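Letters A, B, C and D mark the chains in the order given here, with residues in each chain numbered from 1 onward.
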Amino acid sequence: MTVRLQSEPFDSGAEVARLSEGRAGVGAVVTFTGLCRDRADNGAPLEALILEHYPEMAQAELERIEAEARARWPLVDALLVHRYGRIRPGEPIVLVATLSAHRATAFAAAEFLMDYLKTSAPFWKQEETAAGTGWVAAKDADDAAAERWSRG
Amino acid sequence: MTVRLQSEPFDSGAEVARLSEGRAGVGAVVTFTGLCRDRADNGAPLEALILEHYPEMAQAELERIEAEARARWPLVDALLVHRYGRIRPGEPIVLVATLSAHRATAFAAAEFLMDYLKTSAPFWKQEETAAGTGWVAAKDADDAAAERWSRG
Amino acid sequence: MKLKYFAWVRERVGLAEEDVDAPAGVATVAELVDWLRGRGPDYERAFAAGPAIRAAIDKRHAKPDASIAGAGEIAFFPPMTGG
Amino acid sequence: MKLKYFAWVRERVGLAEEDVDAPAGVATVAELVDWLRGRGPDYERAFAAGPAIRAAIDKRHAKPDASIAGAGEIAFFPPMTGG
């Protein structure tokens, strides 16, 4: 179980290959990779995203989210990688990978990790466009996505 | 949009890297990789899986499933790779990858593709163990998983 | 028409495929199965599982009451276990 | 105690962090925010968004009515937009 914060780009495929290697009981691997798009939320061409974070809390919060996922589902392993700093279009921002014996577990845990990460991990995005730099507004849809895990 | 049947192993990371390259509007990539476990369904050590398939129908059926996913969700691209023949523990069996602007879409489409593939793509697994070779029984849970997409 | 058999249906019938001419009156998948069961003990054993056996007409899933009129290729197989 | 500010809260306050001694009677996160707003126009502007501003006490999310007694580090920031 690993949580990693870094400014450098990462290679999702290589990360997951390393994670899966020699795991005999794993039948299902689900990955989510969040990429930097080439457009700002308002549609303008995007130069870059700048991700600010609260380092000590980000590490602690991601570890709490991962522990919660492991308590809810029988995971063989999980990986969370999140970048900070300046990120160019096409580059990866975040990676979530879940390894499990069965696919339903791997899917549910990966979605849960992403939903919670979006609403509770202390990262803030700025968009850099020709018009200047502006903070990205939080989306109600993200709160709703995280909320569904606390029902029932 | 690609559907591929092959007997050779594949590299999920490399497949997805190739698929994602230069896709400026993609914010979310979800992958599912199904791996051959080292145990048969009854717990005995597994030597290999042998996958039989109905080639022309498998190709057509996977294309229909993919078209259905594209009709339901706005996907930038999708990839389905399924192996047949002899597969050893630790090797990949199936890969589903979905590329979309947003994560909810990519997750939903990937789960849909896997659920339908499990219950409608004409593949049949045999388990090879020290005790001999036997056909894997279909799981009620797979039918239930596919069924949920037709509700509501 | 051509019949194809897969997995344990294939093993029990003892053939991967064959060409047959079903008699008049055999109009649906279910009627074709009934007729096949009368062709001998291998067929009887292959199709004894009844509703657990799936069919496809010209590479599309077909229900027991589907018409086989004009079908070029009909396949029989157990529930699928891919993925 | 140490206060930390992030994203546009940081920009509006004009500081990334500072050490403060809140007066007696400031017992919760909400009371601390009220007190900070009285410290000048930069603070007023930073905290005018009210409930949209989130807080963390010692690196854990905290509600407005959470007690700040014994807190070593309190952070204020907008809703998160990572991932």
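Everything below uses one rule, namely that a contact is a pair of C-beta atoms (placed from the backbone, for glycine too) under 8 Å apart; a residue touches a chain by one contact, two chains touch by 3 or more.
Fair warning: this is a prediction, and the values are worked out from it, not measured in the lab.
Peer 1: Could you work out which chain's C-alpha centre is the most distant one from the centre of chain A?
Peer 2: Most distant chain from chain A: C.
Peer 1: Can you check how far apart chain B and chain C are, centre to centre, with Cα atoms defining each centre and the answer in Å?
Peer 2: From the centre of chain B to the centre of chain C is 26 Å.
Peer 1: At what distance in angstrom does the C-alpha mean of chain D lie from that of chain B?
Peer 2: That pair's centroid distance is 48 Å.
Peer 1: Indicate the whole-number Å distance between the mean C-alpha point of chain A and the mean C-alpha point of chain B.
Peer 2: Taking the mean C-alpha position of each chain, the two centres sit 23 Å apart.
Peer 1: Find the geometric centre of each of chain C and chain D from their Cα atoms only, then give the gap between the two centres in Å, rounded to an integer.
Peer 2: Between these chains, centre-to-centre, one finds 71 Å.
Peer 1: For chain A, jot down the residues that touch at least 2 other chains.
Peer 2: 34, 103, 114
Peer 1: Tell me, which residues of chain C touch at least two other chains?
Peer 2: Residues 83 of chain C each touch two or more of the other chains.
Peer 1: When you draw the chains as points and link the ones that touch, which shape shows up: line, ring, star, complete, or other?
Peer 2: Looks like a simple chain-to-chain line, open at both ends.
Peer 1: What are the touching chain pairs in this one?
Peer 2: Chain pairs that touch: A-B, A-D, B-C.
Peer 1: Mind listing the chain A positions that touch chain B in their complex?
Peer 2: For chain A paired with chain B, touching residues are 11-14, 16-17, 20, 22-39, 89-90, 101, 103-104, 106-107, 110-111, 114, 141, 145.
Peer 1: For the complex, which residues does chain A have touching chain D?
Peer 2: The touching residues are 34, 51-54, 56-58, 60-61, 82, 93-94, 114, 117-126, 135-139, 142.
Peer 1: In the complex, go through chain C and note every residue touching chain B.
Peer 2: Those in contact with chain B are residues 4, 6-8, 56, 59-61, 75, 77-83.
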